[in-house]
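Here come two complexes built around chain A, the first alongside chain B, the second alongside chain C.
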Partner chain A sequence: MAADKVDPIHQFHIHTLVPIHIGGYDFSFTNYALFMVIVVVIAGGGLYWACVSRSVVPGRAQSVAEILYEFSASMLRDSAGAEGMRFFPFILTLFMFTLVANLIGMFPYFPTVTSQIVVTVALALLVFFMVLIAGLMRHGLHFFKLFVPSGIPIVVLPLVVAIEIISFLTRPVSHSVRLFANMLAGHITIKVFAGFVFSLGTLGALGVAGAILPMIMVIGLTALEILIAALQAYVFAMLACIYINDAIHPGH
Partner chain B sequence: MFVSPAFAENATAASAQSKTTTATQAGHSGPEAFPPFDSTYFPSALLWLAITFIAFYIFVKRVVVPQIGGVLENRREKIASDLRNAGRMKEEADAAIAAYEQELAAARAHAGEIGQKARDEAKIAAEAERRKIEASLEDKLARAEKRIAEIRASAMKDVGAVAEQTASLIVEKLTGGQSSKAEIAAALSSVRE
Partner chain C sequence: MAGSDGPGETGKTGTGKAFPHSAENLELDRRLRQLDRKLAEQRKKQQTRERPARSSNASGYAAAVRLSSEFVAGIIVGAGIGWIIDRFAGTSPWGLIVFLLLGFCAGVLNILRSSGMMPERKLSGKPDDAKKDGQ
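Right, the complex of A and B next:
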C-alpha cells in the first residue's frame, strides 16, 4: 500500500479517459492527450490574450508574450539567418509547446507530456524530416554537401563523410532523448525524495524531524526542475534552429 | 539509462499483459511496462500530439504571429516616425537659428555702416567748421596786424613833434636861453638818422 504511494514511476501512468479504437489501434483520449490539449490551450490562449489589446506600450502580460516571441525570433535568426524566418511559426510553436508542457508538468498530479518518449521522438522526427525535405527542395542534391565539409584532405574525407552522415542520422535520437530523459529523470528524482519524506514521516516524531532533510531537497530539486524545464525547452528549440540552418545553408 | 534493465525485464511480461490490464485499469497490478515505453498508447499519443500540435501551429501561424508581429511592427513604425519628426523639428530649429544668425550679422553690418557714415559726416562737418573758424581768425589777425601797423606809423609820425618840443624845453631849462626851432629839428633828425 505504501509502495504505491512512493512508486516514482506511478506518475507516468497513462490512463484512458475516452476510449477510441479505430482499426485495431488504440487512439483513446488519455490523460496525456488531455494535457496536450491543456498545453495548447494555455500556450495559444496565453499568447493570444496577452496581446489582444495590441497596445504600443505593453503591459506585463504583453511584455512576456513579446519577450517569448522576440526570444524565439532572435534564436532562429541568429542560427539560421533571415532566410530561416520562414520557419518562425514552427519554431515558436515548438518552443511554446515544449516550454508550457515542461512547466505544466511541474504541478503535482499533472502529467508531463514531454516525459513520454513517443512525444519527443515524434517532435524530433518532425524536425528531422522537415530539415531533410526543406533542404532537398531548396538545394536539390547539393543539400548532401552538408556531409562533405570543405577544406578536408582527400585522404580523411571518406571518414569525415561517414562521421557526418552518422551524426546527421543520430540527431533525432539525441534531440528527443535529451528532452525526454531530462523530464523523466527530474520527476523521478523529485518523487523519490518526496517518497523519503512520506516514509520518514510515518515513523513517528524522530522520523518527522529526519524528514526535514529530504523535504529541503525536494524544494531545491523543484526549483532546479523548473529551471531545467525552461532550459530544455530552449535547448530543444535551439537545436531545431541549428538543424534548420543546415537545410538553408548546407555548405559548412 | 537506469530504467532500461527494468524495462527489458518487464517488457516481455507486460506486452502480453498490458492489453488486458491497461484496458481495465492502470496502476498496481504486478509488473507491467514502464509507462513511457508502453507501446499500447503510442498510436493514441501520436494521434493526439498530431492533432494538438497541428492545431497549435495553425493558430500560431494565423493568429499569434500576425498579432504580435503587428504589435512589434507598429511600435517600430511609431518609433521610426517619432524619430523622423524629431529630426525634422531639429532641422527646423537649426534653420531658424541660422536665419537668426544671418539676420543678426546683417543688422550688425548695417549698424556698423550707419555708425561709419555718422562718424564720417561728423568729421566732415567738424573739418568745415574748423576751416571757417580758422579763416575768420586769420582775417581778424590780418586786420589786427594792419591796425597795429597804422597805429605804429601814426605814433612814429608824432614822435618827431614831441621830441622837438621836449628837446626845446630841455635846452631852455639847461641853458636858460632860447634856441631856434630849426636848430633843434636839425639836431634831432641827425640823432634819429
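Right, the complex of A and C next:
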C-alpha cells in the first residue's frame, strides 16, 4: 500500500472539474484552472481589502500591501527607468500572480499553478510579445538594431546577428522554464523525502526512528521552498522588467 | 553645554573652543573614536561572514537553475528553428545541423551574459548603437 501512495508526480495530475467542449476542443475547467481563479481572487481581493481603509498611518494589512507595491515599483524603476513605469500595472499583476501562486502551492493538497509549464509559458509569451509590440510601437524598425551589435566585421555579421536573434528567442523559453523547473523540482523533492518518512514509518520501531532524518529534511526543504517561492516570483518579475527595459531603450 | 556636544565638536574644530574641559574631552573623544573603529570592524566581519554562507545555499542553487535553463533554452530554440526550416524548405538535415550549432552558440552567449562574464551587449552595446543612429 505504501508503494502505491508514494508517487511524487501524482500531485501534478490535472483532473477535470467541469467538462466544457467547444468545437472539438477541450476547454474544461480543471483543478488548476480553479486554483488560478483562487490565486487571482486572493491576489486582487487581498490587495483591495488591505487598502480599503486608506488610512494615513497604515495598519498591518495595508503595510504589507504598500511594501509589495513599493517593492515592485522600485524594481521596475531601477531596471527600466521612469519611462518604464507605464508598465507598472502589468508588472505588479505579474508579480502578485506568481507570488501568490507559488505560496499557495506550499499548502498541502493545493496544486501549484506555476508548476505547470503551460501556465509559465503563457506568462512568458505574454511578456515576450508585449516587449516586442511595445518596442516596435515605440521605435519602429529601429527596434531590430537590438540584434546588430556594433564593431563587428561585415564577414561574421550575419552569423552574429543569427546568434543574437536566437538568443533573443530563447528568452521566453528560459524565462518560463526557470519558474516551472524550480517549482516542479522543489515539490517533487519534498514529496520524495516525505515518501521516505512514510515508507520508513511502516517498517516498525527502527524505521520510525530512522524516519526522523528525512522528516527533518522535509522541514528544512519546506522552509527553503517558501524562500524559493518568493525568490522565483521576484526573479520572474525582475526578468520581465529587464526585458521591458530593452523594449524602451533598445537604441541607447 | 560645551560638555554635551563636546565630543563631536572637538573632533572637528580642535581644542580651541572647549578649553576648560579640553583634556577630559580629548580623552572621551579618543575613546569614542576607538569604539567607532571597533564597531565598524565588527560590522564588516559580520557582513563578510553572512554573505558567503547565504550565497552557497539558496542563490547557488538559483544560479545553477538559471545558467542551465539559459543554456538548454539556446539549444532547444536553435534546434526548433532548424527543424522548422527543414520542414518547410526541405533542406533536411542541414537546417537542423546549422541552427543546432547556432543555438549552441546562443546558449553559451546567454550563459556568459547572465553570469556577467561578458558585458551585456543589449546594455553596454547601447551607446554604440546610439552612435550608429547618429552617424
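Heads up, the rule we're going with is that the second predicted complex is superposed on the first by the 238 of 252 C-alpha atoms of A that agree within 3 Å, B and C clash if a C-alpha of one lies under 4 Å from a C-alpha of the other, contacts with A are read in each partner's own complex, and residues count from 1 in each chain.
We take it that a residue touches a chain if its C-beta (ideal position, glycine included) is under 8 Å from a C-beta of that chain, and two chains touch if they have at least 3 such contacts.
Keep in mind the model is a prediction, meaning the values are calculated, not measured.
Trainee: With both complexes overlaid on chain A, does A:M75 touch chain B (first), chain C (second), both or neither?
Mentor: In the superposition, A:M75 contacts neither chain B nor chain C.
Trainee: Contacts for A:P149 in the overlay, against chain B (first) and chain C (second): which applies, first, second, both or neither?
Mentor: It touches chain C, and chain B stays clear.
Trainee: Is A:A181 in contact with chain B, with chain C, with both, or with neither (first, second, both, neither)?
Mentor: The answer is both, since A:A181 touches chain B and chain C.
Trainee: On the A-aligned overlay, A:A211 touches which partner chain: chain B = first, chain C = second, or both, or neither?
Mentor: In the superposition, A:A211 contacts neither chain B nor chain C.
Trainee: Have a look and say if chain B or chain C is in touch with more residues of chain A.
Mentor: Touching more of chain A: B.
Trainee: Could you look at A:E66 and tell me whether it touches chain B, chain C, both or neither (first, second, both, neither)?
Mentor: Only chain B is touched by A:E66; chain C is not.
Trainee: With the two complexes superposed on chain A, say which partner A:C241 touches: chain B (first), chain C (second), both, or neither.
Mentor: Neither partner.
Trainee: For A:A134, is the partner it touches chain B (first), chain C (second), both, or none of the two (neither)?
Mentor: Touch partners of A:A134: none, neither chain B nor chain C.
Trainee: After lining up the shared chain so the two structures overlap, which partner does A:F90 touch, if you call chain B first and chain C second: first, second, both or neither?
Mentor: The first partner, chain B, only.
Trainee: Quick check on the superposed pair: does A:Y32 touch chain B, chain C, both, or neither? Answer first, second, both or neither.
Mentor: In the superposed model, A:Y32 contacts chain B only, not chain C.
Trainee: Show which residues of chain A both chain B and chain C reach, each in its own complex.
Mentor: 181
Trainee: Across the complex, what residues on chain A touch chain C?
Mentor: 142, 145-146, 148-151, 159, 162-164, 166-167, 169-171, 173-174, 177-178, 181-182, 185, 224, 227-228, 231, 235, 246, 249-252
Trainee: Where on chain B is chain A touching in the complex?
Mentor: Within the complex, chain B touches chain A at residues 1, 3, 22-23, 25-28, 34-38, 40-50, 52-53, 55-57, 59-61, 63-65, 67-72, 74-75, 78.
Trainee: Can you check the complex and tell me which residues of chain A touch chain B?
Mentor: Residues in contact with chain B: 3-4, 7, 9-10, 12-16, 20, 25-30, 32-33, 36-37, 39-40, 43-44, 47-48, 51-52, 54-56, 58, 62, 65-66, 69-70, 88-90, 92-93, 96-97, 113, 115-119, 122-123, 180-181, 184.
Trainee: Would you pull the chain C residues touching chain A in the complex into a rising list?
Mentor: Contacts found on chain C: 57-58, 61-62, 65-66, 69-70, 72-74, 76-78, 81, 99, 102-103, 105-107, 109-110, 113, 121-122, 125-133.
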